[in-house]
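Once you scroll down, you'll see the structures, which are given as structure tokens.
Below, chain A partners chain B and then partners chain C, in two separate complexes.
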Partner chain A sequence: MEENTKKVIKVLKLENVSISYGKISAVRNVSIHVEKNEIVAIVGANGAGKTTLINAIMGFVSPQKGKIFVKGHEITNLAPWKKLAFGLAIVPEGGRVFRNLTVKENLLLGAYRIKDKSKIDDKMNEIFQMFPKMKKRYRQIAGTLSGGERQMLAIARALMSFPKILLIDEISMGLMPKLVDEVLETIHNLKSKDVTILIAEQNTNEVLDIADRAYVMQNGLIVMSGTAEELKNDSKIKESYLGI
Partner chain B sequence: MELWQESVNILVLGSIYVLIAVGLSMIYGILRVLHVAHAGIYTLGAFLSLSIAGVTGNFWIALTLSAIISGFFGALIYRYIYKFVLKEERIVPLIISVGLFITMQDLYRIIYGPYKYPFSISTAIPYIRVGSFYVSPLQMLILMITGVILVGLYFVLNKTRIGVGLKACANDLQMAEAVGINTKLTIALAFFIGSALAAVAGTLVGVYDNSVYPTMGSTVSYKAFVVVVLGGFGSLKGSVIAGYLLAAAEVLLVSWKGFFLPRDAIGFLVMIIFLIFLPNGLFGKKER
Partner chain C sequence: MDYLMTLGIFASIYTILAISLNILTGYAGQVSLGHAALFGVGAYTSAALTVNLGFNYWAALPLSILITALVGALIGLSSLRAHSDFLVLITIGINFVVVALLKYTPFFGGPYGLLGIPRPSLFGEAMNTFEYFWYAVGWASFTILFVYWMSKKYIRTAFEAIKEDEEAAEAMTVSVPRFKIYAFAISAAFAGLAGNLWAHYMGVIFPGNFSFDTSIEIMTMIVLGGIGTIRGAVFGAVLLVFLPEYLRFVSDYRMLIYGLIIVFTMLFIPSGLLGDNSITWRWTRIFKKGDRVAKNNEN
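Here is the complex of A and B:
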């Protein structure tokens, strides 16, 4: 097994990506990569540039400099809807679902690019097993769901597109600690389903429990990287960057 | 019997309001742009129908072609004008839209002159008369066309991928893009549909009043705005109901002898009352 995977495929790769809003630079010269079926975390304080980075990968903002690759194909300046063809999907910050639409409509929109109806039905059943609440709330307007349920729906909606690479932004925001663990556990379980995950998270301790590797971001720069274990045990890092 | 007669008038007038307001509401729902130039498209539709009918002698061909051309014209306004200013403050596209409307009206005046053109057609629809109750062929024409359009629109919006895409875009444009919807195309489509409906409305009014003229969109531009405020910005269902309610208020109040204000004042009174006490309209969602 090890022999075959010697040349590891970099599913997602960012090369010297810089993004600024007017004169304020949010991301500076960032190079990161994610390998197949890895969970990689981007940690750092609020305003470090994590969300901007995720948004750039999805195509919501365009980098002024640098390149983004998925499996060797450059996707830097593609429109978001075209990026779905490369297996990208996003779980945006704050459980951003289609609030005026029902849970059902949200899930079906997740599968907007899937033509095969039986595939959609199968996926829907899989999602009901993963999140029984979604079945219960199927006909409810998404805006009436609780914060935790909206996060679940956001994850479920992203999964409906059969993603290969899932971008997750601040999933723990506004959730009770118990729910944070639950949601992160769900994400960890996705690993066994052939999904590669890049997760931006302020909740450093919890996310390092499920991540394989992590990058530490500060003021738009990657200041440190390593395996989750290394970062968790390094006391200096803890103090200076992670605030644990 | 009189009330029956009034109800026909209400339905006819309301149908026109609805046809205009639906496009305006759809566009506002997605872009949060008050598309004042929509009334310019209404006039364009009337002139196109008049010209095409003059050449072909066939009203249906004229109506269809006029709707299609106006639809494309609306989509072009999005593609080449609004698209570039959407990131600006909302006052910017609004001012552009007002300027565009004035320009369009002046263009019509330059091309057609400041005259009222008669636009009469003959339909195969019989004159319906039961006692003192009657429906004229033109009234019947307006009711039938609006009926077909509203049913079709309901089907497109609720049963097709286009409809789902439009709903998603109106709800959250960026997320719509993130689930794989080509939002630019979808918005262009909303402009196409809305503009085509406005052209149909312009044509029907031109035929009903037997006159087409460059400034025929002036009152309409405000009226459609009233309907959209009443129904709640961005709510299509609201626009449809509000269109008929406004028509009812106008027809009933004007026929009441003691009423001293001009007809067009009613809409504005209603709008002012709504903006003060119910700014989100009948079915509008709170602005984010």
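Here is the complex of A and C:
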């Protein structure tokens, strides 16, 4: 067993990360890891520190303590755009597509750091296969898309940068339950595309359906972790942390 | 005839100014109420170079554009720390500071301004009003074409992204500081060009030419015409240059009218007369049936 775990590649690893805003500590001593092609969820209530943690990995906030590694390279204090080179990309809270720009322009912004035009075209075609609706709405202003389509666009936009690790923050925010399932299903399908995913989500029940493992966060601390199955079936956890 | 030509020159200069402010405010969403400061920097740079330092006009022209662009980029640095309403206050402050500096610096002629600024010469002879009119119209056309070309490029998309949601743009690793500085520098370069054209047409400039009132004038033009569009900026500039000349009461109460225009456009047609979503602009599109059919098909 010991031998086996050593061989598994830890694509993303956080070691004792602490982040505070002034006197308020948002993330306390968090250590998590994500293995290759895994979907790992961070669940917990509003204000538990999930978004802060995701933002720290992408480099929008710097941790006061701790280290962040991608495939063994330390990236703790790198600028966001340098992290792109390590294959990190983010789908920000609620998707946040640019409503006044067309679907095409949104996608091109995702490919901002890619200079090779043919690579961008290839990726676009790949994305159109995954999201046929995006092709149909190519020239439309993103503000005219429905809520679910907008989240799809947000995911597609993040995929434009050829990510190896996708950080997804509260993608379901403001979506109706049926669409939450649809969007999460899309994310689940990304697994076959060789993308490793860390997803922060309040809709615990739904996200545990697609995740391999999950961490439960509360007041900035990781209070529980395990496989999605374990967490789903543990009645104590259900009551105290997940509210299901 | 000379009078009309002069108005045409002013209209061209204000067109350049309005388009230049439109790059900054309409495209990149960085609201500036101190644009006249950059107009002044361009005018004074070119005037000081030719009058005080004996530069040839054709050498002073690129230098004045370049220096104004640099000053614009410096002002742009403040936009990295301050957002929206705070940035507006900063730009207003900068406008007053620049006017004061010009007023109290003997090198720039103090409150009496700079006199005897030469007209550019063509084939050894100074341009007359007629030639200068075409010269100014030429630059205005170049500005329109350049900005139109730019608006089809990636940089415009990046500007729009920053305007709409800075944090989301950052999440796409669009370098927000870099594009903000670009917006300020490009916008300033054209304001500098306008300043140059103004100084060498008027022959004399005063600090008062570039006061806060002028900033408001430029803002009124793009607000009225339709923020974020080239046609709006051109329309607003031309209209507000010619209108006061033909309606005397407008020119007596200029600032009052400008103020009212801003208030009423913001209240009733926030996207301006020719803005993308304004009633008036859509009204002109009704006759373009093909356009609408195409749009419906897409849906």
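As a working rule, the second predicted complex is superposed on the first by the 238 of 244 C-alpha atoms of A that agree within 3 Å, B and C clash if a C-alpha of one lies under 4 Å from a C-alpha of the other, contacts with A are read in each partner's own complex, and residues count from 1 in each chain.
Heads up, the rule we're going with is that a contact is a pair of C-beta atoms (placed from the backbone, for glycine too) under 8 Å apart; a residue touches a chain by one contact, two chains touch by 3 or more.
Predicted model, so just to flag it, every value in this text is computed and none were measured.
**Q** Using the superposition on chain A, decide if chain B and chain C clash or fit.
**A** In the arrangement built by aligning on chain A, the partners chain C and chain B clash.
**Q** Please work out whether A:G49 is in contact with chain B alone, chain C alone, both, or neither, and reply first, second, both or neither.
**A** neither
**Q** Would you check which partner chain A:P163 touches, where first means chain B only, second means chain C only, and both and neither mean what they say?
**A** neither
**Q** Given the touch rule stated above, what does A:R139 touch, chain B (first), chain C (second), both, or neither?
**A** second
**Q** Looking at the overlay, what does A:L109 touch: chain B (first), chain C (second), both, or neither?
**A** Both partners, chain B and chain C.
**Q** Is A:G220 contacted by the first partner chain B, the second partner chain C, both or neither?
**A** The answer is neither, since A:G220 touches no partner chain.
**Q** Now for A:P80: first (chain B), second (chain C), both, or neither, which partner does it touch?
**A** After superposing on A, A:P80 lies in contact with both chain B and chain C.
**Q** Using the superposition on A, tell me which residues of chain A are in contact with chain B and, in the other complex, with chain C.
**A** Residues 58, 60, 80-81, 84, 90, 92, 96-101, 105, 108-110, 112-113, 157, 161 of chain A touch both chain B and chain C.
**Q** With touch defined as at the start, can you tell me which chain A residues reach chain B in the complex?
**A** Where chain A meets chain B, its residues are 58-60, 79-81, 84, 89-90, 92, 96-101, 105, 108-110, 112-113, 157, 161.
**Q** Looking at the complex, which residues from chain A come into contact with chain C?
**A** 58, 60, 80-81, 83-84, 90, 92, 96-101, 105, 108-110, 112-113, 137, 139-140, 157, 161
**Q** Which residues of chain B touch chain A once you look at their complex with the stated criterion?
**A** 161, 164-165, 167-168, 170-172, 174-183, 285
**Q** Which stretch or stretches of chain C touch chain A in the complex?
**A** 154, 157-158, 160-161, 163-165, 167-175, 298-299
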